[in-house]
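Both of the next two complexes hold chain A, though its partner changes from chain B to chain C.
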Partner chain A sequence: MSRSAAMLIMGVFTLYFLTPIWWLLTTSTKTGGEITSTAPLWFTANSLGTFFDNLGRLFTYGDGLFGRWLLNSALYAGVGALIGTIIAAMCGYALAKYEFRGREAIFNVVLSGVLVPATALALPLFLIFSRVELTNTMLAVFLPSLVSPFGVYLARIYAAASVPNELLEAARLDGSGEIRTFFSLSTRLMAPALVTIFLFQFVAIWNNFFLPLIMLRDQALFPVTLGLYAWNSQISQIPELRSLVIVGALVSIVPLIIAFLALQRFWSSGLGAGSVK
Partner chain B sequence: MRAHYGKVTAAFAMISALALSGCSAGGDSSEAGAEAGACEASDGPVTLQFTTWVPGMDKVVELWNADNPDIQVEVQTGPNGNSGTYQNFFNQIQAGNAPDLGQIEYDALPNFRVQDGLENLAGCEGVADAQDQFVDWTWGQVTFGEEDAVYAIPQDSGPMAMYYRADLFEQAGIEVPTTWEEYAAAAEQIKAEGSYITNFPKSDVNWFAGMVWQNGGQWFANDGESWDVNLTSPESEEVATYWQDLLSKDLVSTLPSFSDEWNASFNEGDQWTWVSAVWGATTLSTGAPDTAGKWAVAPMPQWEDGGETAGNWGGSSTAVLKGSEHPAEAAQFALWLNTDPEALALANELGGLYPAAKSAADLESFAGGVEYYGGQKIYEVFSEASAQVNPDFTWGPTMTQTYTDVSDGFGAAIGGSGTLMEALENGQQKTIDSLTSQSIPVSE
Partner chain C sequence: MQEMTVISTPAESPKARPAARKNRSSGAQRRAVAMFIAPFAVLFIAFYAIPIVYAVIQSLLTVEREGTFGRPQQVFGGLVQYEQVFQNTAFWQSVGRVLLFGAVQVPIMLGLALLFALLLDSPLLRGKKFFRLAFFAPYAVPGVIAAIMWGFLYSPSLSPFGPVTSTIDFLGADLVLWAIANIVTWVYVGYNMLIIYASLLAIPHEIYEAARLDGASNIQIAWRIKIPLVVPAIILTAVFSIIGTLQLLAEPQTLRSFSSAISSTYTPNLAVYTTASIPNYNLAAAFSVVLALATFILSFVFLKATQRKVSQ
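For the complex of A and B:
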């Protein structure tokens, strides 16, 4: 009984989460006129043709602006998450494995950073970046996304649990320096946590919208979220954008899905790793 | 330009609060006269930045750049004004790095004025003399009635008329209404046919303001010292009571405007009329493609038999933002952009703008018949409407908030709790509260 109840609840929620994506998929295969005149959750007769037609228009509209936005997003999210992960890992590792004065104080300050919403920081960041003339540059979006208080927290917890002190001492006895120990030994032990941090950062930067909205003016620098938003706000003037925004939204979640699938192996093994010690 | 006011996110509300606390020193209009006249041409070539969201504006600017090597203009685009660009302007003005020129809708201009975000162009060469080239009421929008003051160059306007399904009216043997009384009577007949005469747009409060505007009402007035807020004037009340009556009798639908369902209801013939602005012509033809050739355009229904007044919905200006180092060149460009026949024609073709310049009537793109409207020369109707718009209408400095408050009330009225009039009363009170809290003087 309780089992079937659980299945039912899960089924309902699965439906709840998947329906919008299904709608996105079916609607991507329609022309502007068909969006309003056909069944919203099912395909039309020539779905495939229209879909490729929409895709073609998406990537050619405005001199291939959308492709540019995708590349920008990939750059912001990919490189940002990579560097962000390395910084968070080093920071968390240091907090976990080295004893020094003010360690807990620093950790608490970092932790409180988790509580501050990114939107509240956007305007102060804009004013600071204006002062140093960094607004409307890629760095304006890139620099703030390098820090991840949550990543530091996760890295510390994980390093404390998965990197044995004995191993570090053995490495030191063998003559390995601290930096070499970190990169060649500790990071491997921390790999599942690092993958998690990377994924979190990647998704956060990919979906970040408010910071680019405030910082950027040149649409060649837009990430895909802001670009689609700008298009969407112009639908009333250029109705053909309606189908492009929908196909664009579908295309823009593909990299996230790929990132999850590709890293799932490391991720799910990590989730269970520390659980039965 | 039309805007979607519903999209003001919570995040924006928070940011505006921060921004306002940083620059609430606005509201001082005494320096207006002193500023004018300080508009000197710069030495040597200059590059101007222009932020707009009108599609195709980059192409229009290319025309200018080709002829003016010494004054080059860079176009930057972003989301629609109320979807973020205005807030960005305010942030940039505060940080001292705003673009030289920005597109600003008329209803947002007073907000920029109150926060001291605009350069006064009255002293710039050619600006004061340009008044005659623009439709009277649009010029009133950019001067706020101040002496020696021109805060922007009018760009486009949205005179209103009535789009209607000529074929359905004829088939059903119903007269096309010319007064609001006839309109209400037609609404009942059309309901009996199983359709709606029109849709009441809950969130397009500026559409409702256009109705009040037609009726000779004024929501705001500014005597140079303080603001008079009057959302509940007798003219406003008449409009509210009228639509409340149609709503209560279920004679109008209440779909969210410009949504897919809304488009579909036009496409399927469930809506027989749409009292809307000139830019609505393309909204309709793209949203309801199956009804091509069946529509026609007539003047708005009148409050008095034989009356000749029209409302306005939308429209925007090209403003020179505070802190621009080259106001003279920026003004020169803005004048060209909004009066040059070639520029106007291209802006209409690519961006759908209906120019605020009087010369619009002579443009070829507005001369011919439009196929979607059965070959009717619809722009003649709008050109006449444009001349019938009351020139003295003033927007308040906190329109976004007023829209949100009134729209919330409208939503409640549609849901059956409260009336449109109560929504206006509530909006009135909240607007006054908001002005007072920003230290903007309100006359009691």
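For the complex of A and C:
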């Protein structure tokens, strides 16, 4: 294959991947009427002003519901992924670095957990939570998202490959306890895997739709995706929501893009871990 | 002290290791293992194991009423719900639909991901960092948001591609499944590309040099060396794609406000959701169990089948 053919393929697909996001950006800078009456993939003379107008309306509509949704998402996904990563890392590390009875059995159970679709769990979780009156609370979405079998799998593979036994022995010689060794030494060696697990879980929680859809009634508890979904399904009754949905969609993907760019150095080196045997 | 010196001897034979380890596996280490595993184990049992058991139990129950207005009571109904599952044509149509979807969409998506990964790994491209980011960017867009965005792009009145969307009805009954396939592909190609690319980067370059000395071309190297070596990564992405296909929910559910061609039982998960909102929890639980089993078996069979092929 020639260089120009390769560049052509990549160029065409760059358009495919970026045009929708570009459209979202330009359309966010338009008034409801301008969306259909102006060039769809370019800005208008007053783009910046309209964009800030739209942002203002987005954050004030319904008593600032959208800001609340963003905070909820940050909480569900940010805190959930952080705690979930630590929990998965500890378990994966123990499975990789200690020999004990039942080790393979535990690992196999975790592995089969990877193959169980999260949406199949949503309904029984709802039924259980409604028995203990936890539905329609933040905990109902937060707690189940702490579990990441794939995180344990990645942590085990990565810990086995990147934490040398000799180093652990040396730490023991120095009188460092097992738990202190893990938090002060091993987590540093596992950093790329930890960032990868965090990002996987962050995205999984941020994108999770079924669990909040089924658990939450109160709009104030919605994550941003469910909130925008709710607005989008009301467009036929409340047409002014259309431009809010578009600006809201743009605002809601910015945090993820920033997270990916900021952590890119780490996760790109950790990403291969899952597929290495 | 003496014990420890023995263990840290570097010349230790690999065979002696497990024995030494066992001796040393002190109470402190056992306690540490328990502390490391306990938090995950508790959460896994609470939010994975118990819900699965609970779903199975619920699926075996059935609601009975005394007379028309009597209080509903849950009684053991054996496989009554499962009989209903098997007689439910809408559900099986939705299963057939996502299987067709997966059979077309997954190979296209993974084929593209592999092609992009190989191009990124080849000496042919300039600006690799840019392409990597541009292709991965859609992964930052959640399914719901992607569906809303593409829903607008498909709508004749709003789409920047008006001439195309006013002649081809992407949201009509014939094409809407493939409109969803396009959204899923758009979101996940870059992600799969990166997983395959990461495993291409792990291949030692000496192999390529040896092949070049033997007169192999870039395409031959890609076909005979690179692709076989990234098969584990492709299998991983394929398993995740299979699970994802059977789980389809956010995209079709969101597109329902753009397209009347998507029924309330369009995908299996939509059928579960619709059945649960009636509400008929027992039947919905049976759907969930059948769906989880199907996903599990399909992924497992795929893993086993491909592993055998690889090791041959």
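Assume the second predicted complex is superposed on the first by the 264 of 277 C-alpha atoms of A that agree within 3 Å, B and C clash if a C-alpha of one lies under 4 Å from a C-alpha of the other, contacts with A are read in each partner's own complex, and residues count from 1 in each chain.
The rule is simple: contacts are C-beta pairs under 8 Å (C-beta built on N, C-alpha and C of every residue); 3 or more make two chains touch, one makes a residue touch a chain.
The shown structure was predicted, so the numbers you read here are calculated from the model rather than taken from an experiment.
By the touch criterion defined above, A:229 reaches both chain B and chain C. Counting residues of chain A touched by each partner, chain B versus chain C, the larger count belongs to C. Looking at the shared chain after the overlay, A:135 reaches chain B, while chain C stays out of its contact range. In the superposition on chain A, A:35 makes contact with both chain B and chain C. In the overlay built on the shared chain, the residue A:213 is in contact with chain B and with chain C. Touch criterion met: A:237 reaches chain B, while chain C stays clear of it. After overlaying the two complexes on the shared chain, residue contacts for A:149 are found with chain C alone; chain B is out of touch. In the overlay built on the shared chain, the residue A:23 is in contact with chain C alone; chain B does not reach it. Annotation: chain A residues 35-36, 119-120, 123, 126-127, 210, 213-214, 229, 232-233, 235-236 touch chain B in one complex and chain C in the other. On chain C, the positions that touch chain A within their shared complex are 4, 7-8, 10, 18, 21-22, 25, 28-33, 35-37, 39-41, 43-44, 46-48, 50-52, 54-55, 58, 112, 115-116, 119, 122, 124-126, 131, 133-146, 148-153, 157-160, 162, 186, 189-190, 194-196, 198-199, 201-202, 218-219, 230, 232-233, 236, 239, 243, 246-247, 249-250, 253-254, 256-257, 269, 272-273, 276, 281, 284-285, 288-289, 291-292, 295-296, 299-300. Considering their complex, residues 1-2, 4, 7, 11, 14-15, 18-19, 49, 51, 53-55, 76-80, 83-84, 87-88, 91-92, 94-97, 99, 258, 260-261, 263-264, 267, 279, 282-283, 286-287, 289-290, 351-352 of chain B touch chain A. Against chain C, in their complex, chain A makes its touches with residues 1-3, 6-7, 9-10, 13-14, 16-21, 23-24, 27, 35-36, 40-41, 87-88, 90-91, 93-95, 98-100, 106, 109-110, 112-113, 115-121, 123-128, 143-144, 146-147, 149, 152, 166, 169-170, 172-173, 177-179, 182, 203, 206-207, 209-210, 213-214, 225-226, 228-229, 232-233, 235-236, 245-246, 249, 252-253, 256-257, 260-261, 268-269, 271-272, 274-277. The touching residues of chain A, when paired with chain B in their complex, are 32-33, 35-37, 119-120, 122-123, 126-127, 130-131, 133, 135, 210, 213-214, 217-219, 229-230, 232-240.
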